[in-house]
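Look for subunit A in each of the two complexes below; its partner is subunit B in the first and subunit C in the second.
This part shows the complex of A and B:
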């Protein structure tokens, strides 16, 4: 069955063959991943700054360049998250023009996955799937479960058994069937490929993948729009499967082609955890031959040892003149704390990876202080509080007495320091 | 000695609809040679112009990526289940 649409259709990245619109992710001939290709000239008069500004404050303001069926009426206000000038973090790490794209607050489940899932499920409905599924390291599971619940579609979600407790609970609460797999994400993903081959389900990151991945472009559109329709000099993006970084570039290229922004060469920087860094390793070695790794890191949402879009991401980063870095688990926790303490943004471990990598890129001179740089924070810290256990003391309780409070403060900060403060107060 | 080879649906148009077959290959190069003989059309689909296995195909032995087992040098054991899976498998409707 084919679902035609004049604006877009599936196209093979390698051999260029076109396949209309159907739940299919790999080219039947050369097995390369399929991508959604648009007739950009057909949307030229529609996808304009004025029309976008008149649209809703969500990703749906960019609907003309999203693969959603004609007549689809989106009603979930997903995305359009803040872009914050991170002056305080910048001061600490030697940056004057650093921005943070804060998807720790994306609706409805506090990660950028809400963007991709809303596009994927619009297509799941179009293709008539009664059950949707996914393999997930947590955020995707949360988002599929929540949005499937709202649309009245059944959800079956497969995750590695050792996932963070909050991410498990955040999937179950929506009534989704959660299957814990005794293995890492790559085992789960392999099984999902087999299930998608056997069952007639819509797997958002398998047979619906080309549509799903397009939702990531909205991060790029939002960065440009919120910078006043300008492109940044650099973008730092966390990498799991390697798709997000490519789609942000695709968004920038579309904006350039349609004349919404001036042409500019943007450099792309990838961030990974040292315990799972197949793409960063390939970039450092100057190759796109991404070798799989066995993940071992607290940044479980990035723990994909065999990233599907890894080779393309590695090539793209190198072609852009960018770089990729990886940081240790200790640095990841520091990165989370640093972002929270300076900008009031509590991110999950993946955001700690991005923050720590960004700091290192400045320290090593790969990014210059005054270049306009956007660091992408993709998920909320409330989901990975496990990683901070033991980092903060549990305070003893005191009696509700002013004198006790005074004693307590003196004990805490030292008598001398408080005495000085008392003198000032006394004047 | 025999191994069981499992294929995704997308490949079965070259195998008369069969999703699995047995092989007596001892290692991956042996299996590819076997496929060359038995299912030449499948062989063309899974190899590129240089005759190398396309990079979009992952090969698993039982539950493990063959690259973690030594890749081409891994010696199949009797009863091994060898799966060929595109890195992003296609769907069907």
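This part shows the complex of A and C:
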């Protein structure tokens, strides 16, 4: 089960030993995580602005720097989501060059996990796995279930028992086997590692993890391309396991090395919920010693108390001159509302984390107003509607008559005047 | 408030009278609906395959044939959604050349309504409306609320009081004023017409309707472009008001006239829920006399009992040699599940209608297996999760231990063997 490829192979982050291509996530010698290493010079003539522009409007336009089998025929047009100039949000929080990378509309399952899953499943097929699985806080479950259905691979997905209803349904509907585990994500993840040792299954975020994680690089490529092949000054990224932020940096470094963008020092900022902030806490304390936490936050897609890539993420954030912040559940909901009200983008709780943290970074002067800054929105608000329950009153229904509508408007205006007069928070 | 434009203007469908560009939906003389008429020859040199390919990955690549003001700067990258070769669904229902047009991932609010709203709001701004509104079965409400928020226009949205919770929340979150009306969509719609006469508001599907409806043409353009500038043999389209199916045909006719595709006779098939099937009933009865119905179906986004474009849609379907079908609520849920299980696409109830109707059209031999057929999926399943409540059992949670997982799998296998042995419907 070891496949050769001239473009890339697995390499130990610590000892540098190389392993070809196989379903393996850690170095047997030093136990450090493996990463996909590329022969960048070999793709220099292929991975060009022109070739990319001529490619499909999906992540597969960057195929030359993704760890997929030679001759791989992409099945689905994943990714290539909008990058929006967030002028209105910017006005509210004091930013003139703020952009939002919007994976809330990622194809097929409305989160950035679609990117990593499509790369993982390409490798699951190459390695001949008939069943794939994952431990998930929800978005990953949705994406594995949907893409496995399309590819005709069996899926067995393990989630914490208390997951949001919409994320559970959005896994079951694809016909996947969903196993609810009595515990939090860290319990589920540990169990998956044990299952991967015992059964010959491809776990996208366990034994296929090095390939899987590379899919996140496409967020970085898309940011650069959609900025007109420029790098931003700052990137704000939500952190669960800590992988996405590192892979965006890897993408930027590859683009610099290959000359697709000019060299630039990009600062990376991490966003977490206060109720699960092991990486942000480490960054604030100036350490890479990430202390596990027991998660307690509505941002369940970020609720990983013992993040696999936490220490590396903390280090790279500090090395870049960036910072990390964490926000309360109340601020998370406000962040979701703020992004919706200003930019018309409805994001899930994790996006509320990113938005609220971004606002704070501007408020504290850690990001300056005119710096080009990209905030990464990674999932859709329709998956976490529970978090908004009770935030909007159900108003009485009115009869379908013009006179009733007029009365209703007058009542509203009266209420607003009263509210303004009494300095009460109105509508 | 009458704006001149060399490319297009409003024209009466019946008497042919022209009206320039103004917020007006019906001919004052003969009361027939107005439609946007283009000087197609004037855009012949502009609306080319090459120019379109060089345009942005959004509906604005087709701007030359959209009724937007000259010099209009698109604000958001709406549309340009995937067209998927539905190989698995095809296998299940006996089709080899079936494609799915997937507006379940349309930017920004996950339905094809984003297309029409962006064109409508461009006109609302041109005509100087400070408040926009709509009557809606849900998707339109979401899109108007989101896009108005982004553009900084006030929005007042009227919906039937019993709308799905997710669609209500997905309107309120953008800060729009949502007015619940005690009645069905047809009541709401009538009230909106009266409001539009009384207040100087821009109602996207009332006084801005001719512009609004043109946004639907982009579905047709995208289908043709993504098929490699070819027209399909058949298109299956869900019908609420009956506008979308007509505009897809208009798009195809324009493409033929301008030489972007070869002339081809395309057959159009309409899909409705049995609980609200006025157009399908008329088609089956061989008449254009569409009898209003009182809607009673879980496909609430299609629940328009008195469809504005019903007679015209019925006529064009029959003229094309197509057909219309309607399916029960049970079949709608099965259709949603079938599309999810085979293609990994989670659609709302309306998409279940389209999928179930498509299956029936193949089963009845109205569409032949190898004909190139496109089924239009217009919205996302996360908006109508209520329809699936009770369809998936909540299984007991297991402890995070390998032994417990093994027991669980063995139990499952046992249950499946029993199910097979006893011919009971298992997992």
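In this text, the second predicted complex is superposed on the first by the 414 of 427 C-alpha atoms of A that agree within 3 Å, B and C clash if a C-alpha of one lies under 4 Å from a C-alpha of the other, contacts with A are read in each partner's own complex, and residues count from 1 in each chain.
Heads up, the rule we're going with is that contacts are C-beta pairs under 8 Å (C-beta built on N, C-alpha and C of every residue); 3 or more make two chains touch, one makes a residue touch a chain.
Here the structure is a predicted model, which means the values were calculated and not measured.
Once the two complexes are overlaid on the shared chain, A:328 sits clear of subunit B and of subunit C alike.
In the superposition on chain A, contact of A:308 is made with subunit B only, not with subunit C. Of the two partner chains placed by the overlay, only subunit B lies in contact with A:23; subunit C stays clear of it.
Within the superposed three-chain arrangement, the count of touched residues of subunit A is higher for C, of the candidates subunit B and subunit C. Of the two partner chains placed by superposition, subunit B and subunit C are both touched by A:194. Shared-chain residue A:127: touches subunit B; no touch with subunit C.
Shared-chain residue A:203: touches subunit B; no touch with subunit C. Of the two partner chains, both subunit B and subunit C are touched by A:183. Shared-chain residue A:287: touches no atom of subunit B or subunit C.
Applying the stated touch rule to the two superposed structures, the overlap between the subunit B and subunit C interfaces on subunit A comprises residues 183, 187, 190, 194. The touching residues of subunit C, counted against subunit A in their complex, run 57, 76-77, 80-82, 84, 88, 102, 105-110, 145-150, 152, 161, 165-166, 168-170, 172-175, 177-183, 187-188, 190-191, 194-195, 198, 336-337, 340-346, 380-383, 385, 388, 392, 394-402, 405, 408, 412, 427.
By the touch criterion stated above, subunit B contacts subunit A in their complex at residues 8-10, 45-46, 54-58, 60, 63, 65, 67-68, 83, 85-93. The touching residues of subunit A, counted against subunit B in their complex, run 1, 22-26, 28-33, 127, 183, 186-187, 190, 193-194, 196-197, 200, 202-203, 206-209, 291-292, 294, 306, 308, 311.
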